[in-house]
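Across the two complexes that follow, subunit A remains constant while its partner is subunit B and subsequently subunit C.
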Partner chain A sequence: MHIPDAFIPIWQGAIYWIIALVFVALALRWARNEMNEEKLPLVAVLAAGIFALQSFNLPVSMGTSGHLVGGALAAIILGSPFAAVFILSLVLIVQGVLFGDGGITTMGANIINMGVIGGFVGFYSFKGLMGVTKSMPISGFVAAWLACLIPALACAVEMYFAGTFPLTEGLVAMGIYHAIIGVIEGFVTVAAIYLITSVRPDLVDTGVKTPAGAQVP
Partner chain B sequence: MIEELFQIERDAFKDSPIHRLDARVKIAIAFAAIIALVAVPYSPMIYTVGAIFFAFFCVLWACTRLSPVIYLKRALAIIPLWGVIIFFQIFLKNKYYTTYDVVMSLPFGINIYAQSIEFAFILFVKFVVCISFIILLSSTTKMQDMLEGGARMGLPAEFALALGMMIRYLFVFGYMFRKINETLKTKCFDAFDRHLSYQYRLRQLGYMIGTMFIRSYEQGERVYTSMLCRGYGRESYLFVAKKGLKGGEWAFLSISLVFIIAIPVAVWLTSFHMF
Partner chain C sequence: MMDNKTFLIAGIIVALLIGGVAVFMASGDPDGLESTALVVQGQKDLTGATPLDAEIHEEEAGRFAYSAPMPDYSLGESLGSTGGLVAIIVGTILAFLVVFGLAYGLKKASKPVK
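Entry: the complex of A and B
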C-alpha cells in the first residue's frame, strides 16, 4: 500500500501533501496536549511495532503492495484517531527515508491512506461497535478489518487518478487482497489489545479496561 | 527489515567525505533529486535525465567508499517488489497515451502494448534513480544525525523526540526478536511444522509477538525513566543547538542543487536525448 515515488505525478503528490499536512498539524496538537512523559514510550513502541508489522510486504497484481496497516491499533490504544496519524507519520518517515519503502513525494498520499483514513475508520468504527456490541474482540476485529480495507481502496483510487493503473482492476485487486489481509490485521489487533489490557490496562486510553471490553466510557 | 536496520547503521558509521557532510546537505540533495525526477513528465525525456542523475549518484557513491555490493543488495531488496508492479504496466492502457500498438496478443484477450512497455520503462527509471538517492542518504547518515538534521530543518520537536524513541525501540525490537527466536529454536518450535496443530502454532506466535511488544515497552520505559532522571525530557529537542554549514558544505550543496535543477530544464529546453 506504500505508493513509491514516480507512481503519482508531482502536482497530485503536492495536493496529497497539503491535505496530509492539515491532519499532521492536528496530530501535532494532539501530541502537544496528550503525549506526556508516560505516554511517549507507548507512542514510540507502537510506532516501532507497527513498523515491524508493516515489514511483511507482498505485491498485489495490477497495482501496488499489501501489508498490515496498524492504524486502528494505534487509534484504539491511544484513544484518538490523531494518534494514528501521528504514529503512522513517524512510521512512514522512517520507512521512506531509511528503507525506500514508500516515497518522499508520495508520503502525503500514504499518510492520508494509512494514517488519516486508517485511523479515523478504525477509531470510529471501534467506538460505534463497542457501543452496540460491548465486545472488544468483535469491535476490534471489524474496526481493524475496515481500517485495512478502506485505505487500500483509497490507494487504488489515487493510483487511478495518477494514471498508473485502471480503477476497476485496481479496486478488485486491492479490495480482495486487503479483505484477506484485513482478517490477519483483525486478529493481530484484537490480540494486541487483549494482551495490553490484560498486562497493562493503564496504557489503554479508549476506555477498554478489561480484555473483554466490558467497561466502555 | 529490522535486520537491515543494523546493516544500514553499520554503513552509516563508516567514514568518507560524504559521511562527514552535514545531514542537512545530504537530505536536501536527496530530496531535491527525487522531486526533480518525479517532476519530469512521463516521457522518454526521463531516460536522459535519469542517466545523468544516476551518473551523479554513482560519483557520490564512489566518494562514500562503500562497496557497490551494499548498494546492489539494498536496491535488490526493494526493486523486485515494485518491479513486479511495474512489469504489470505492460498489459495496461493509461491516460498518458492516446493510441496503443499491440506488440503481442496473449490468451484471454490480454495484450502487450508498445506504449505500455515504454511507460513501464519510464516508471522503472524514475523509481530506481529515486531509490538510489534514498539508499545513498541512509547509508551515509547516522540516524541520530538525520534526526538532528531534520530538527534543524524544521521537523517539529514532537516528531523529532518520538522518532528518536522509535528508532531506539526498533533496535530493542530487533534484539528481543533475536532472543525470543533463539528461545523458540531451543524448544525445537517451528511455526511451519505441519505436525503441530494450527491453533497451537498461532497461539505460540501470538505469545511471541505479545511478549516482544511488552518486553520492548518495559525495557524502553526503564531506559526512558533513566533518561528523565538525567534531565532529558520531551522538551529536549526544542533546544537542538544551532549549527551553521561550513563553506565547503554550502558550496557542495549549491552546486548540487543547481545541477539537479538545471539538468531536467536543459534537457527539456534543448530536447537533447542520449537514448
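Entry: the complex of A and C
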C-alpha cells in the first residue's frame, strides 16, 4: 500500500508529512530512551527483515499481490508502537528514495498508515487480546491482521480526499485485498514472534515470556 | 540463548534469504493499492484477474515526480534477476545500516545511566 507521488496532491502530502513528523519525533525520543546494547541488534535486524519481507509480493488471488507490512511485528516485539514508527519510517525512506517504492511527497502518508496506524493498532490490539486470551498465536495473528487491514482502509480514505478513488469503491477494494493479505501478515508475524522469543526471550518486551505466550510465573 | 553477535548475523542472513527468494518468487500482479486503482478506473473487476494490458492512469499535473536510482527493485531489464538480487541485497543491508546507525547514535546521545 505504498502510495506513489501521483496519487496525492502535493499540498495534501505536506499535511500528512507534518503529522508524520510529530510521530517520527516521538519515535526518535523512544529510541533515545529505550536503546541499549541488547535492543540495538534486534531493532536493526527487524529493519532488515521488514525491508526484505516488504519486497516479497505474495499472490493473493483476484489478480492481486500483497506483501507484509511488519508494523505489528515491530511494535509487539519491541513493546512500543513507536518502535514500529521508528523502523517503518526509516525503511520507507530507503524504499522511496532508492527504489521508488512509495513517493516522496506521499512518504508522510505512508509513514502514518504503515508506521503509526499499523504500529498503534498492532500494539494495542495485541495487548488487549493477550489480556483476554493469554495466547500469543491468537493475539499476534488478530493484531497483525488488523494492523494490515486498518491502515489499508485509512489509505482508501486518503485516496478519497485526494480525489484518486471514490470512497465506497476504494474502501471495498482496499478492504477485501488487505483482509486477505492480512491473513499472511498474521501467520508470518506469529512465526516471527515465536522464533525471536525462542532464541532471545530476554529481548521480547510484551509480557510474552515463552514462545507459546504464557507468562512465566 | 543466542548472544547478540550471533543473533545479529543470523537475523541478517534470514532477511537476505527472504529477499533473495522474493526476487525469484514474488508475484508480478499489482499490489492491493494498485489493484484498487485499476478497479476504480474500470480496468479490472474487483475479484477478477488483472488484464495484461492494464495500466494505471496517473495524474501528473501538479504532482511531484521523482526518479529513483533503482526503480521497482531492479537495475533494468538487461540485468534481470541478477539486478533484482543486487537491488534487494543493497536495500536490506542499507535498511539495516540506517536503523543501526541512527539507533546507535541516539543511544550514544542519551545519558549513559540508561
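In this section, the second predicted complex is superposed on the first by the 205 of 217 C-alpha atoms of A that agree within 3 Å, B and C clash if a C-alpha of one lies under 4 Å from a C-alpha of the other, contacts with A are read in each partner's own complex, and residues count from 1 in each chain.
One rule holds for everything that comes next: a residue touches a chain if its C-beta (ideal position, glycine included) is under 8 Å from a C-beta of that chain, and two chains touch if they have at least 3 such contacts.
This structure is a prediction, so every number in the text was calculated from the model and none was measured.
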**OP:** Using the superposition on subunit A, decide if subunit B and subunit C clash or fit.
**Re:** clash
**OP:** State whether subunit B or subunit C is in contact with more residues of subunit A in the superposed arrangement.
**Re:** C
**OP:** Would you sort A:A191 into first (subunit B), second (subunit C), both or neither based on which partner it touches?
**Re:** first
**OP:** Please indicate which partner A:G49 is in contact with in the superposed arrangement: first for subunit B, second for subunit C, both, or neither.
**Re:** both
**OP:** Classify the contacts of A:Y16 with the two partner chains as first (subunit B alone), second (subunit C alone), both, or neither.
**Re:** neither
**OP:** Name the contact category of A:I176: first (subunit B only), second (subunit C only), both, or neither.
**Re:** second
**OP:** In the overlay, answer first, second, both or neither for which of subunit B and subunit C A:A152 touches.
**Re:** second
Subject >> Common interface positions of subunit A, toward subunit B and toward subunit C >> reply: 4-7, 9-10, 13, 28, 31-32, 35-37, 40-45, 47-49, 51-52, 55, 57, 59-60, 62-65, 86, 90-91, 93-94, 96-101, 103-105, 164-166, 169, 199-200
**OP:** Sort out for me which residues of subunit A touch subunit B in the complex.
**Re:** 4-7, 9-10, 13, 28, 31-32, 35-37, 40-45, 47-49, 51-52, 55, 57, 59-65, 86, 89-91, 93-94, 96-101, 103-105, 163-166, 169, 188, 191-192, 195-196, 199-200, 203
Original post:
Which bits of subunit B are touching subunit A when the two form their complex?
Top reply: 1-2, 4-5, 8, 31, 34-35, 37-39, 42, 74, 78, 81-82, 84-85, 88-89, 92-96, 123, 126-127, 130-131, 134-135, 137-138, 143, 146, 156, 158-159, 161-163, 165-170, 172-173, 177, 206, 209-210, 213-214, 216-217, 220-221, 224, 228, 233-234
**OP:** Under the touch definition given earlier, write down the residues of subunit C that touch subunit A in their complex.
**Re:** 1-2, 4-5, 7-8, 10-12, 14-16, 18-19, 21-23, 25-33, 35-37, 39-40, 44, 46-50, 58-60, 62-73, 87-88, 90-100, 102-104, 106-107, 109-110, 114
**OP:** Report the residues of subunit A in contact with subunit C in the complex, numbered from low to high.
**Re:** 1-10, 13, 28, 31-33, 35-53, 55-60, 62-67, 86-87, 90-91, 93-101, 103-105, 152, 155-156, 159, 164-166, 169-170, 172-174, 176-178, 181, 199-202
